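Dropping the structures in below, format is structure tokens.
Here come two complexes built around chain A, the first alongside chain B, the second alongside chain C.
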Partner chain A sequence: MYEIVIDRSLCSGFAACAELAPDVFEVDVGGKATVRVGRSDDPTVLDAAAACPMAAIQVIEREAA
Partner chain B sequence: MTPRSVLVVGAGLAGARCAETLRAEGFGGDVVLVGEEPVPPYERPALSKELLAGTRTPDSLSLRPPDFWVDHEIALVLGQRVIRLDNVKHLAVTDRGARLPSDAVVLATGARPRNLPFAAPRGVHVLRTLGDALALQATLASARRLAIVGGGFVGAEVASTARGLGLEVTMLEAGEMPFAAVLGPDVGTLLADRYRRHGVDLRTKALAAGFRAHGSGRVCGIELADRSVVPCDAVLVAVGVEPERSLAVAASDIQLAGDAAGGPGHWTSAAADGVAAARRILGLDPLPTPAPFFWSDQFGLRIQLVGDARAAAAVEIDGHDSEFVARYWSTDGRLVAALAANRPREVAALRAELALAA
Partner chain C sequence: MRDPTFWILARATGLTAYTLMTVAVLAGLVLKSRPFGRALKAASVTDVHRFLSLLALGAVAIHGAALVLDSTVKIGPSALLVPGLAPYRPVWTGFGVVSAELAALIVLSFSLRGKIGAKAWRKLHWATYLVFAAATVHGLGAGTDSAHSWAFAFYLAAVGSVVFATAWRALTRTPRPTTQGGTRVRDRDRSLAL
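Our next item is the complex of A and B:
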């Protein structure tokens, strides 16, 4: 289980996250990324975090409850 | 071989992302980030907008909270300029006499704004650093008419902010319209019309030939090549930047990153470049290079461009002047770039469309 946190002050609307993992990330009307779901089992969230040029996405791995 | 210590010269975005990436990838040696500006790495894009408008403070622009650098054991050496690199002794010497040893050096010294080839009186500014922005802000506080030399993104963003502050703004563009080279004439015309509707006196094919100043030494006008004079009491010169490479030395163990490497000068590419330099130092495989990207906020428009529109042969605009998408096609009918204006939610899809076309 991955917990996803976005530092929206760093987000510059690059939108690579929403391209790579559209089920988890979306871009809001202000042009900043938001999480659709705060948790996911999909490891592509790791790719999305790595692709963020601003390192604005933090993925924390949690043991499934 | 992985070095034991890394010195990153330049504490802008590329330098910061390089230092952070070294740590994120588990590098355990010393990391020193040295920067000429007296402040930790900050969001440069906000300078022409929120900072200048006074809606954000300098402190709020910090890229990372102050504890971040301590927690990640990244030593910040700020307010010092590296003036010499000694390859033999693996030493960098700063203008304040500090001697910083390291096994590997990353030069992320950024770019410096170009100046006009004539002397500038008081009230004439460039905009690159926080110090520049605060100085421009102080001048604008007692100014009524701002003239901007250069119809690029910095100029357009400052024009937008200055109009918001109630100043009269004249924009001098050397070409037939702003952004013709980067965004094409169609989008350039659209933007030019928008600036004019927002009260900007946009003059095209206008070449600055000299400044005029009062006896007090403050600027009072710009003389153009056609001998006309644009009256003003503040000037921003925004005619592009040059890579800052006064330190660049040929040595295989020195990496260049960010604007100093002569990249496109975009915020996100500087970030990616800093990451790439760190990965090279650590011997890690490079990450895939994302399509070039930049954004600009001006006159109520958020412009986001993915890809490189300079080589496009045709453009197709969908929407109207305050909300549109422009697709740029090459001569062989391939999508090479896409621009979203006030359509931020479409950027991810456009990015995917471009990736398919590549």
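Our next item is the complex of A and C:
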């Protein structure tokens, strides 16, 4: 289980995360990324975090409850 | 005898600034098209892009200061800010002034993203193409060395690489990992959006 946190002060709306993991990330009307769901099992979130040009996405691996 | 130090410095920093700006633009374009896949970390490319942009602005500042300090052409501080005020090739130097001011605005906008919003910042970033075009015209028209074939080859290589990288970015899709659990990645955002 991955917990996803976006630092919106860093986000510049490149939308790389929303392209890679559209079920988890979306770009809001202000042009910044938001998380649809705060937790996900999909390892694609790791690719999305790595692809963020601003390093605005933090993925924390949690033990499933 | 007239000391040519500042004149040579002005020419050298002009070419240096243009080189740095070209590489900065290429780094920015690589951010989206990712031709090197995972070999390059996106955040690191951003750092390089920002650092090179700042270095280019620094070289432009030295370029302007050297022209004011030099006595070959009479360029005052006000001519560095107002396009067309320089007596030396005023149209071509004017392109340089506009390019530098626009570049400074774009670099500054990065720190103001919080205030102007990500969307406005991205729109303003498109003006980088104007900066690059104006700088190219300025270099070709005002540059002392532009008559040399090596200088022409230099500008041609810079423009060619930026055009190629832009086309690459426009035509290639962002590499996507194999999705799991049958999740389909939406086929969107293939445009040139930053």
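Quick notes on this one:
Following the convention adopted for this analysis, the second predicted complex is superposed on the first by the 65 of 65 C-alpha atoms of A that agree within 3 Å, B and C clash if a C-alpha of one lies under 4 Å from a C-alpha of the other, contacts with A are read in each partner's own complex, and residues count from 1 in each chain.
FYI, a contact is a pair of C-beta atoms (placed from the backbone, for glycine too) under 8 Å apart; a residue touches a chain by one contact, two chains touch by 3 or more.
Since the structure is predicted, the reported quantities are computational estimates derived from the model, not experimental observations.
Superposition of the two complexes onto chain A shows a clash between chain B and chain C. Of the two partner chains, chain C is the only one touched by A:Cys11; chain B is not.
Using the contact criterion defined above for the overlaid structures, shared-chain residue A:Pro43 touches chain C, although it does not reach chain B. Residue contacts after overlaying the shared chain place A:Val59 against neither chain B nor chain C. Touch criterion met: A:Asp23 reaches chain C, while chain B stays clear of it. Only one of the chain C stretches 7-15, 151-159 or 169-177 carries C-alpha atoms that clash with chain B in the superposed arrangement, namely 169-177. 12-16, 18-19, 22, 30-32, 50-51, 53-55 are the residues of chain A that lie in the contact sets of both chain B and chain C, per the superposition on chain A. Only residues 31-32, 34, 38, 41-43, 45-46, 113-114, 117-119, 121-122, 174, 176-177, 179-181, 183, 185-186, 188-189, 193-194 of chain C touch chain A when the two sit together in their complex.
Note for the complex: chain B touches chain A at residues 17, 20, 24, 45, 63, 267-269, 271-272, 275, 287, 290, 293, 295, 302, 304, 344-345, 347-349, 351-352, 355. By the touch criterion given at the top, residues 10, 12-19, 22, 26-32, 50-51, 53-55 of chain A touch chain B in their complex.
Across the interface of their complex, chain C is touched by residues 9, 11-16, 18-20, 22-23, 30-32, 42-44, 47, 50-55 of chain A.
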